[in-house]
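There are structures below to look over.
First subunit A sits with subunit B, and in the next complex the same chain sits with subunit C.
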Partner chain A sequence: MTWTGQARSIVAFLLLTFAASVVPVVTHDLYKVDVATTILQDLILAMSLRVVMNLGLLNLAHTSLMGIGAYVSAALAMRLGMSFWLTLPIAAGAAALMALALGMLTLRLHGPYFFLLTFAVMSMIQLFFHSYLEEIFGGATGLIGVPRPNPLGFGSFTLPLVSKVSLYYLILAFWIAAAAVLIRLEYSRLGLQCAAVKQSEAVARSVGIHTIRCKLLVLSLSGFLAGVAGVFFAHSRGVINSSDFGIDPMLKLLVYVVVGGVSNFWGPVVGTIGFSVLSEYLRSFHFLETLMYGAVLIAVMRLFPEGITGACERIFAAARPGSVPSHVTAGA
Partner chain B sequence: MSLLALENVTHFFGGLAAVRNLSFTVESGAIRGLIGPNGSGKSTVFNIISGYVPLSSGRVRFESRDITNRSTPSLVDLGIARTFQATQIFDALTVEENVTVSSQVIHRESLARSFLRTTVLDRDETHLSARAEEILDLVGLSGAARRIARDLPYRDQKMLALANAMATDAKLLMLDEPMAGLTMQETRAAMAVVRWARDKGTTILLIEHDMRCIMELCDSIVVLDHGEKICDGSPNEVRRNPQVVEIYLGADECSR
Partner chain C sequence: MFEATLAFQALINGASVALVYILVALGLTLIFSIMGIINFAHGEFYMLGGFAAYYLAQVAGMNYIAMLAVTFLAVCAFGFCLERLLFEPLRAQPLSGFIASLGLLLVLQAGVSILFGVTDKRVDSPFPGILHGYGLVISRERLFVMMASAVLIALLYCFLRWSKQGLALRAAAQEWEAAAVLGINVNRISGLAFGMGCALAAAAGALLAPVFYVTPTMGAQPLVKAFIIVIIGGMGSLPGAVAGGAFLGLLESIGPMFFSPATVDLLGFGAIVVLLLVRPTGLVKS
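Then we have the complex of A and B:
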């Protein structure tokens, strides 16, 4: 929202990009690279979920949109033999279209109704992939043997995308693109309009903001990015099943975003990385993992209802009384 | 030619007619008052014109165009802006952000442009900011441009709501009790802002309970009671109308 905020976000973005790009250099442990790959993929999902939640829309169909990206891309690659680089935009576009349709269906609803309807849509999409068009989507078994992304070729030079490390750099590239778009959105005039819609839809309309259009756009963009994550998920794992896109991964994602903080751009990043690393350390304790997960969630919600980043913001603001953030049009 | 015309407008809340068969016009460049006791339907009239509640029957015309039941944002695009009785601003945004996001310059640009344009190094932004500054200066908020809106004192929040409505570049500005809760001195300042807007060519429709202020500001006044128009005329005519004196002014004078 603020120019200094944008500058800070760009610095954070560059630092994170650098840190992420040296992960496979620092560690040769392929398991760790695998974990980092999942984190980056979850980051795309969590950050794109956050922009929608930041408009006051709790979209429980977010992982379903990811599922559409995954299934459409996998089916096109397996049934029609299409290249990954062709299925990627088609499948992500399909997820964006689904998000748009979902928005048109539900956006005049508010509060719990939007949330309940997206829940219903999520169940329907999961059921669809589970039980219908079995010859295309594999039914209850799902799709097995989704091909790896086709090698990237520039003339005589080709880059195979088969090894874990190369897949890691592929998702890193996707994350960089997604984060760049979302940062642009956050600090653009459109982002300011979204912030106004979040504050009060009635007032936003009274000053002429086309609130529905604004929400549809953000929802579609969010769906597109979820679709990209889904495409990567399908082709990097090689196996997908409708349960990969059900309520469990959705709740996990929701916890990442809420615990990290919805109102701050970096909230979902803090939540996703924090929880992912924590659950890796707790993995050896099996049942304790879920227990600790719940305990952390309760603790954070009790102590910082606005999430970890929200609490940090509050502490910083209190430490500098009278200080006010500078502004979008500061340079004008 | 009248800027705004209501023709036999009726609105029902369930079985209750909040506004019944109401017709009046607002002439271009005028300050028009809309008064009546509490519950007489004034705010409902505002909600109808600004597209917040649908009409049960009747028509609303703006610049002789039929605008009945159009959406609020599209009405703002046409040039109709409003404030609310309970002050409504974007609490968590700064004063400057409030005015910026309310500005028509932003709404008229394409979504792609508003997404791609950097917010700072942009020539339009200079223009926008100059306009925002002029408005903020006028309502006495230029010194508070970087403050978060919710931290402002009550008076300033009211002024910010007024500034937001003005930033939309409206031809018709509908103000719902802009003076409510202000001190005498603050009311004077608010009145000066309303006059300034009118002198800039903005037409004003004003709901206000402060009779002195209404009588002083308005060129003509519509009086509502139980959702029906009981009087329409100059401040002097309204003051002398026995029905108005009985149901409204009389009671108001007695309570003072």
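Then we have the complex of A and C:
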């Protein structure tokens, strides 16, 4: 069962990678490339948020971790003139450390209390970037003029990373790496342990799973990936502000993951692509866009409370006679 | 002596707004205690209250207290229907309920923007003028806001403490299934709790309409405040919400005399973090 699940995921991953890599070839519309760039960046965020939520930890500070990646990298590049390729691991590492610290602080908290605490932490991090250390982080105006990523050089060959298409391929490379790591995690021993923790933490502990180590590892990895997305965000847009990492983008991300489905690996992918495309089509309607977006949210949650992929799993499981109930195969 | 007067004055100003935020927080915690859903659209019912104040009192010239009663009952009925149609099947799924309430927030905010426009609307004070005494100044409007909120909180307390419906509501909050076994119609109680929670927020919005402007986005600020109050007081605890509101009101009125506004906000969130780590059930023991 595990193998077929993994094989299916790898096929889906390869198909998506292929589809994504031909986007700039198929369309020459730079706006569409821009939208696709944002989708890939959101995919990294949504997929890394899902692994934490799958442990039963609703981390509302996920975009703050992204913000730490963005601010640390931008500040290092602007104040110290460091190269993008040096600030990338440092800033993502800082986000991972913050996630680890958050995890260690909240080991004893469960369910709604973890969620509430991360809400407070998210607000504090946003306030910190907004109002403190203005000479480093730019205060209320944020940081303007973050440099583009330094060109990639191999000997005499250099690849400039300035145009929209080149930035698109950069985030595509990041997404491929992130998705590969997450697929590896999903079907590894650690992934199985996480699935056990999700079903029952007490039982998982009783069969010898180090649940705390499990949580901390997944949280740090998720923080690292959010940090990578943040670094890309800062250097590709050139302007960052503390409100980019507040409650609104966090809720948008949460919508992607929950509507897509938390229990399925591809849930956040379905949610992110579906809602990003939907909001592009609704954009011209202004307030009507918000109205319809909200109506879709209500309708999906009312009809499929377990998310779109969760509902698909249930329908397929019911269609196959004598099949295993979906909650047994959900982790596989 | 001067310092003390200043602090007292700040306290009075803080108290009038804090009392209203307690109303919003009480509604939020009432809904959470029965349904286990964090209603993210709660601020939008506050906003609906503000618009009711504008159209009923300002435009149609209705008596302010009659307007409050009408708004309370209308929003209560609206909330009851919403719970029956929308949130009832999501009761056991807090995450889905949360996302659905987020959808409701967007629908209500955009709907009001389309119907009534986004320009600021001014509501005249029903009680103009100010009162002096003991070196302190208070506007009659703020005094009215404080008294009305205090009356509403007292009425809610009496309802929950002594009425049959209130007793059923407390029973359902304590043990859902046991309450159902004892013949309490928990579905109706759940709808009632949601409706009353929303109506409390709407009453708060109608009360503060003359103090601030009425706009479709006015619900965001009280929602965050109510959220902080509810966490400090303990999710689902009604006395906790009052204690949390008192704490936040104190911090926000006295705090700015010593710290910058950003630091005051940071302290508020810091208090949440410390409290959740040390005492996750909130200030008041249930």
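The definition used in the following text is that the second predicted complex is superposed on the first by the 322 of 332 C-alpha atoms of A that agree within 3 Å, B and C clash if a C-alpha of one lies under 4 Å from a C-alpha of the other, contacts with A are read in each partner's own complex, and residues count from 1 in each chain.
Going forward, a contact is a pair of C-beta atoms (placed from the backbone, for glycine too) under 8 Å apart; a residue touches a chain by one contact, two chains touch by 3 or more.
Since we're looking at a predicted model, the values are computed, not measured.
Trainee: Go through the superposed model and pick first if A:R50 touches only subunit B, second if only subunit C, both, or neither.
Mentor: neither
Trainee: Check whether A:L288 is in contact with subunit B, with subunit C, with both or with neither, and answer first, second, both or neither.
Mentor: second
Trainee: Mind working out whether A:A195 is in touch with subunit B, subunit C, both or neither, as first, second, both or neither?
Mentor: Only subunit B; A:A195 stays clear of subunit C.
Trainee: Figure out whether A:Y187 sits in contact with subunit B (first) or subunit C (second), or with both, or with neither.
Mentor: first
Trainee: Regarding the shared-chain residue A:K215, is it in contact with subunit B (first), subunit C (second), both, or neither?
Mentor: Neither partner.
Trainee: Could you tell me if A:S206 is touching subunit B, subunit C, both of them or neither one (first, second, both, neither)?
Mentor: first
Trainee: Output the subunit A positions appearing in both contact lists, the one against subunit B and the one against subunit C.
Mentor: Residues common to the subunit A contacts of subunit C and of subunit B do not exist here, since the sets are disjoint.
Trainee: Of all residues in subunit B, which touch subunit A in the complex?
Mentor: 50, 52, 71-74, 76-77, 81-84, 88-94, 96-97, 100-102, 104, 106-107, 109, 111, 114-122, 125-126, 128-129, 132, 145-148, 164-165, 167-168
Trainee: Any idea which subunit A residues touch subunit C in the complex?
Mentor: Those residues of subunit A that touch subunit C are 58, 105-106, 108-109, 112-113, 116-117, 119-121, 123-124, 127-128, 130-132, 251, 254-255, 258-259, 262, 287-291, 293-298, 301-302, 305-306.
Trainee: Report the residues of subunit C in contact with subunit A in the complex, numbered from low to high.
Mentor: Touching subunit A: residues 38, 86, 89-90, 93-97, 99-100, 102-111, 113-114, 227, 231, 235, 260, 262-263, 265-266, 269-270, 272-273, 276-277, 280 of subunit C.
Trainee: Would you mind writing out the residues of subunit A in touch with subunit B in their complex?
Mentor: 1, 3, 184-185, 187-190, 192-193, 195-196, 199-200, 202-211, 213, 217, 324-332
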